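Next up, some structures in structure tokens.
Common to both upcoming complexes is chain A, partnered first by chain B, then by chain C.
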Partner chain A sequence: MIYKNIIAIAIGGALGTIGRGLLNMHSLWIGLPIATVIENIVGSFLLGLFTGWLIHKRTKDWVKTGIGVGFCGGFTTMSTLAADTLLLYMDSSLLHSFVYLFVSLFAGITLGFIGLILGSKWGESEVKRKVVNH
Partner chain B sequence: MIYKNIIAIAIGGALGTIGRGLLNMHSLWIGLPIATVIENIVGSFLLGLFTGWLIHKRTKDWVKTGIGVGFCGGFTTMSTLAADTLLLYMDSSLLHSFVYLFVSLFAGITLGFIGLILGSKWGESEVKRKVVNH
Partner chain C sequence: MELVLLGAGGAAGAVSRYLIGLLFMKKYPHPYIPSAMLIVNLTGSLGLGLYFGAVYDAIPTAAYDELLYLLLGIGFFGAFTTFSTFSMELIELIRKKFYKKAILYFSLSIFGSIGIFLIGFMVSR
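Here is the complex of A and B:
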């Protein structure tokens, strides 16, 4: 059971991290590390969506950890967020580093919340459809 | 060249995410998601240390991305940080969620900075040792 979880985490983590790496390689530089901002807020939205869906739907433990801890965790990063905040302060200005940190966190938490609500509605409508069809 | 980077990112990401998953599974619950706090601040410290070391030392591109984007990025997470902040607010209190967010960010950025200084000193002393020995 635990080995299934670890394999799912490894595969999810590798896929999420590859997605982040590719986005980093193909993003334009606009003065802020825009790729990391996108990865962190999209990943937070996806985790919220999945967590909201799980309120109503049951799924296997390895699917939960593979998508949540693995993919969403691998796609987002806190170490680069901390490093970018520091580097922006040193290379640019305190304002730039503050804007970067604030946008990442505010948008991440807000989109995580919107994801949670949408995911919960999605899971609920799936359960209702199942009840009607049976 | 790019394929080497992607493979390194995948392996680093998988290993970092497994480390995070195992820490999550084996951590005690003390009212705050302590495992995620530890992962985020340790990962930020490691990325700072590696970045500081890279100021003085040259290494292959796939080693850089494998350790930085892959391992440190996979070991840390912003999606769980956003989700935990939200869940702590909903299940516990605004104070708890604020403390969690503040500790993660403040300790992450501070330890990232300490890592950067230590890594730079470490890289510098390695370069000096090399110069003396040759």
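Here is the complex of A and C:
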């Protein structure tokens, strides 16, 4: 049981990390660490969507952990956020550092919440459809 | 090669986060705030700070051509720590109207991660 979860998390984590790494590498030309902001916002939205959906729907444990712990967890990051915040302060200005942190947090948490609501409605409508069909 | 290193570091980071989370929840099933991911984020940020200080002597703007950075910096520490679970746990606290807990969890996660990253960076530099 736990081994299935571990394999799913390893695969999900690898995919999420590869996605994050590629986005980081291909956005270097912008000159600002904007990729991590986007990854954290999108990842929070996706995890919200999935968590909301799971309120009404059931799925296998390894699917849950693979997507949630593995992919969404690996796609988003806290350590790079900490590093970027300090890097912007040292290399740029306190204002840039503050904006970076504020946008990450505000948009990440807001989009996470919107994802949760949308996911819950999505799961609910799937359950209703199933009830109608039977 | 880059993708293999990112994938390997990311898989190891995510699995470690899961196992530490499981162990923590087994030992402390009812923490005051969601502490498992808090501890993971703090240790991972400390690790990245130590790594940056030891290897680069400064926080690099771009080290993506270095394979060790892909494996450890972006891969392992990047995936070991997480932002999406932090968002979910914070939203959950706010939804339950545990505002004091939410502020504590938020502050410790964010200012704690930044602070401990800086400590790690200074110590190993």
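Descriptive notes on the structure:
Here is the rule we go by: the second predicted complex is superposed on the first by the 129 of 134 C-alpha atoms of A that agree within 3 Å, B and C clash if a C-alpha of one lies under 4 Å from a C-alpha of the other, contacts with A are read in each partner's own complex, and residues count from 1 in each chain.
One rule holds in what follows: contacts are C-beta pairs under 8 Å (C-beta built on N, C-alpha and C of every residue); 3 or more make two chains touch, one makes a residue touch a chain.
Because the structure is predicted, anything quoted here is derived from the model rather than measured.
By the touch criterion stated above, A:V103 is placed in contact with neither chain B nor chain C.
In the superposed model, A:G70 lies in contact with both chain B and chain C.
Of the two partner chains placed around the shared chain by superposition, chain C is the only one that A:D91 touches, whereas chain B remains out of contact.
Of the two partner chains placed by the overlay, neither chain B nor chain C lies in contact with A:L23.
By the touch criterion stated above, A:I38 is placed in contact with neither chain B nor chain C. In the superposed pair of complexes, A:L116 makes contact with chain B and with chain C alike.
Contacts of A:L47 after superposition: both chain B and chain C are touched. Within chain A, the residues touched by chain B in the first complex and by chain C in the second are 2, 5-6, 9-14, 16-18, 20-22, 24-25, 40, 43-44, 46-48, 51, 65, 68-70, 72-83, 85-86, 101, 104-105, 108-109, 112-113, 116. Within the complex formed with chain C, the residues of chain A that make contact are 2, 5-6, 9-18, 20-22, 24-25, 28, 39-40, 43-44, 46-48, 51, 65, 68-70, 72-83, 85-87, 90-91, 101, 104-105, 108-109, 112-113, 116.
On the chain B side of its complex with chain A, the touching residues are 2, 5-6, 9-14, 16-18, 20-22, 24-25, 40, 43-44, 46-48, 51, 65, 68-70, 72-83, 85-86, 101, 104-105, 108-109, 111-113, 116. Across the complex, chain A is touched by residues 2-3, 6-15, 17-19, 21-22, 41, 44-45, 47-49, 52, 59, 61-62, 64, 70, 73-75, 77-88, 90-91, 109-110, 113-114, 116-118, 121 of chain C.
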